[in-house]
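Each of the next two complexes has subunit A plus one other chain: subunit B in the first, subunit C in the second.
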Partner chain A sequence: MIVSTENLSKEYDGIYRVNDLDIQINEGDIYGFLGPNGAGKSTTMKMLLGLVKPSKGSIEIMGKSFNEKNRQEILKSVGSLIESPSYYGHLTGGENMEIIRRLLGLPRKNIEEAVHIVRMEKQMNKKVKNYSLGMKQRLGIAMALARRPKLLVLDEPTNGLDPAGIEEMRELVKTLPTKYGMTVMISSHILSEVDQMATVVGIINHGELIFQENMSVLDAQRQPYIILRTSDNNLSCQILRNMNPLRTGDGLQLGALSDEQTGKAVQNLCANDIAVYRVEEHRESLEDIFLNLTGKEMTL
Partner chain B sequence: MLINAIRAENLKSRHSNMWVAVAVLPLLTAAIGAIIYGINASVSLYDGDMWQQLWLQTGLFYGYFFFPILIAICASFLWRLEHINHNWNCLMTTPIPQSVIFIAKLVVLAKSIFTAQALLMIFIIIVGKVGFRFEQPIPIGMLWWLFMGWFSALGVAAVQLYLSMKIRSFAVPVGLAVCLCIAGLACYITGLGSMFPYSQLILGLSSQEKTLPIDSLTTLVPMVVFYIVFFILLASRRLKKIDIVAG
Partner chain C sequence: MKYLWLELYKLKHRKVFLTFLVILGVELLFVFSNYGNNKNFLNMVSDPAAPAWEDLIIGPAAINGLFFPILAAVIASRICDMEHKGNTWKLLECNNQNRKTIWFCKFTIVSTLMMLAIFIQAFTIIAYGNSVGIVQTLPVRTLLGFVLGTAMITFVVVTIQVFFSLVCTNQLVPMSIGMVGALIGFISTLLPPGIRNILIWGNYAELMVLGQDTSSGNLQSSGLVVRNINFIPLVILFVVGLVAYVVFRKRFEKYEY
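Right, the complex of A and B next:
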């Protein structure tokens, strides 16, 4: 277990913004930390980094209790990008990296490698104030990677990025555990974004962890289903009644069908002079699961 | 670790506008000193030690106001770097002790103060030698003005650095420095100069006395050290306790 919290809570003005969180992150996980804006994601991540002091509960990182005594030892192996990237705008990207190198007493090789991973080699002589947001994010990640962390904590790293930047970030995060042996905790309020890269998902709402599960378990639960749209949906329902169809607004929904079963169903309808307009396979998305859990939609 | 942190702080302050203030304020001080000296010299008020007379005029506003305000401006510049662009997050997730963060900044501030002092002494020599053609040799006491002026300002540096760390605004700590200068002046006049940072600095510069205040060293030096240590501890305690809010 690389991160483990017990009853982790933070109170602001008498209200618990984060309440009794028991987060468990194993080595090599990409832990997708999801929740609407204001759910307590940033506060939780800041507590894991010692930036915010918990009101109650405990944090263990790499088997060490996070306290003043272990703070330095833990932070040596934890890289992070919280809220927005940190940078000194009046300095170049290279100088910003050099500050990190000096502060952490790292060899130059680490910096070169980190800059290479985020593909920023050509931007190192430019002042950071002239960077685009995407470049600042990548520089921020390079700063976090420079110490070759065992744990990387990324708070909404795709915020403000264009679609290409988001895709690039996703690909980068996916490679970190396998290529560099890192564990990644990444937060987002966009569920579909995490759906594509996380191996474990934790969902926080109103400061409470309402869901924490392996993606593989989740995938097993998320059975695909078939939606049919035909020229006569009511008649189609009758014809396919042994498949227990569900009449939806403009079609009918069948359960998880094999290719053969799907073929037979279509054949059957055609034989009864019903035109089949659409055969679509759907899968429950994280949004659907979240909706089921909270009974409301997660806003962007 | 401290050396690494100081080297990082040195790099952060590169290309900083702080250095403009460090160059301009001594220049302004020397210019004002030269003007006042020139006006008084034209009515032949001076005799004896011309360098001391020039320092008396130059150091008057410098010690009372310009120098502490310069320190306040530099301290605000140093923390402004962290107050903007979410740099608090990066700084506080670095595996270095909180006290080292503060001390490293204090060392860079001390360096900038020393640069300002050295520049002022150079400007004074130019004013004396080139402007007023002093024939008297450059006094050895100038080394006292330089070094003791610098050392006795470190208490103010520690206070201002703490204030600028705590207060996100650039201007508020500078404004507070002006108020504290007035308090410092009051302490200096009432003979409590070595007790309060903003008057320790006046005492250390010793521009307003004919002889160097050597006998006050026994109280001045320990009190300056006390303020430095006290504010390092206070800053370190604060950084350990507060929740970091980066902006």
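Right, the complex of A and C next:
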């Protein structure tokens, strides 16, 4: 287990912004940490990095109890990018990386490798204040990667990025566990983003962890269903009543059917002179599951 | 030491030293450009009994109350502002640096520059006095008293400036504090001793080693008298400054950005 928390809580002004969180992250996971704005994602991540002191509960990182005494030691193996990227705008990208190198006492080849991973080699002589937001994010990730961390904590790293930047970031994160043996914890309020890269998902709402499972468990909950549009939807419902159809606005919805069952249903309708206009397979989206889990309170 | 060098590295392209030299240069120019036209001073130069050196010392002593709060505010702000602008607090803390070392490095750099300013002033006094040929023996104790007294007051001023520059994202706040300090420092010679001692920046007026005899609340004569620096309020201020240093550092260590 790379990260394990027990009853992790943070209280501000008498209100628990994070309440009794039991997070479990295994080695090699890409842990998607989801939740609406203000759910407590950033506070949780800050507690994991020792930037915010928990009101109660405990944290274990890489098998060691995380406290003030061994914080610096543990953080040598933890890279992070919290909220907006941090940088010295008056310095060049290379000078910013040099600060990290000196802070951590790293060899130069670590810096070169980190810069190469985020493909920023050509931007190192440019002052960071002249970077685009995407470039600043990539520089932030390079800073986090420079120490070759075992755990990478990324808080909303795609904030403010254009679609190409988001895609690039996603591909980068996906390669980190396989190529570099890292475990990644990534927070986001954009569900589709996490859907495409996470192997494990944790959902936080109002400071409480309401779901934490492998993506496969979540996938299993997303049962596919068939939508049919025909020339006579009411009659179709009667003909296919043994499949428990559900009448929808302009068609009928059937449950999860195999290819043979779908073929038989269409054949049956055609045999009764009903024209089948459309056969579509739908799958419950992550958004749908979220809305169910969060009592449809989530702002997406 | 590693963190201190790193702090200096971060100051690349910030032109901190240039800013320091410009402000100090303006002050020294402002102070020493007047002595050449001052007949009283020129008369004292060739008189071994006249307090010509003391007259030179009160030049920077009188004007430090105006310039030093501004100088400390500008330097502290330039050194701390880069952390606010780049949101680098979390970056530093996640990369092996704790609040204690951040405070130490920033404070050390601002203090060192301010100490350098005091030494440059002392050196300029000696160099200028020698260049015009003052025949009076250099009053080393008085000059050292001026250096020590200025350093003690400046320590407190730097503590205040560094703290507010570190905790205030909007640098107008520490700059305004510096401006208010400069105003107090500038008018402090007009304030009664008790009042100016309470106002931190007003203590620069205690370093006026030459003045007129105003004992018993009235002007006793038009002649100049040499005064010893009253170190009691300065020591009290310095002790309060030491307490403030510890309190402010602890506040900064717990401050959440």
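Note that the second predicted complex is superposed on the first by the 298 of 300 C-alpha atoms of A that agree within 3 Å, B and C clash if a C-alpha of one lies under 4 Å from a C-alpha of the other, contacts with A are read in each partner's own complex, and residues count from 1 in each chain.
Here, contacts are C-beta pairs under 8 Å (C-beta built on N, C-alpha and C of every residue); 3 or more make two chains touch, one makes a residue touch a chain.
Small disclaimer: the values here were computed from a predicted structure and weren't measured.
Student: Under the superposition described at the top, does placing subunit B and subunit C together on subunit A give a clash or a fit?
Tutor: Overlaying the two complexes on subunit A (C-alpha atoms) leaves subunit C and subunit B clashing.
Student: Which partner does A:L51 contact after superposing on A: first (subunit B), second (subunit C), both, neither?
Tutor: A:L51 contacts both subunit B and subunit C.
Student: For A:I99, using the defined touch cut-off, is the partner it touches subunit B, subunit C, both, or neither? Pick first, second, both or neither.
Tutor: both
Student: Using the superposition on chain A described above, determine whether A:M1 touches subunit B (first), subunit C (second), both, or neither.
Tutor: neither
Student: Could you say whether A:V217 touches subunit B, subunit C, both of them, or neither, answering first, second, both or neither?
Tutor: neither
Student: Return first, second, both or neither, reflecting whether A:L75 touches subunit B, subunit C, both chains, or no partner chain.
Tutor: A:L75 sits against subunit B and subunit C alike.
Student: For subunit A, give the residues common to its interface with subunit B and its interface with subunit C.
Tutor: In subunit A, positions 46, 49-52, 72, 75-76, 78, 80, 82-91, 95, 98-100, 102-104, 143 sit in both the subunit B and subunit C interfaces.
Student: Which bits of subunit A are touching subunit B when the two form their complex?
Tutor: The touching residues are 46, 49-53, 68, 71-76, 78, 80, 82-91, 95, 98-100, 102-105, 143.
Student: Looking at the complex, which residues from subunit B come into contact with subunit A?
Tutor: Residues 1, 4-5, 7-8, 11-12, 14-16, 81, 84-97, 240-241, 243-244, 246 of subunit B touch subunit A in their complex.
Student: Which stretch or stretches of subunit C touch subunit A in the complex?
Tutor: Residues 2, 5-6, 9-10, 12-14, 82, 85-98, 256.
Student: Report the residues of subunit A in contact with subunit C in the complex, numbered from low to high.
Tutor: 46, 49-52, 72, 75-76, 78, 80, 82-91, 95, 98-100, 102-104, 128, 143
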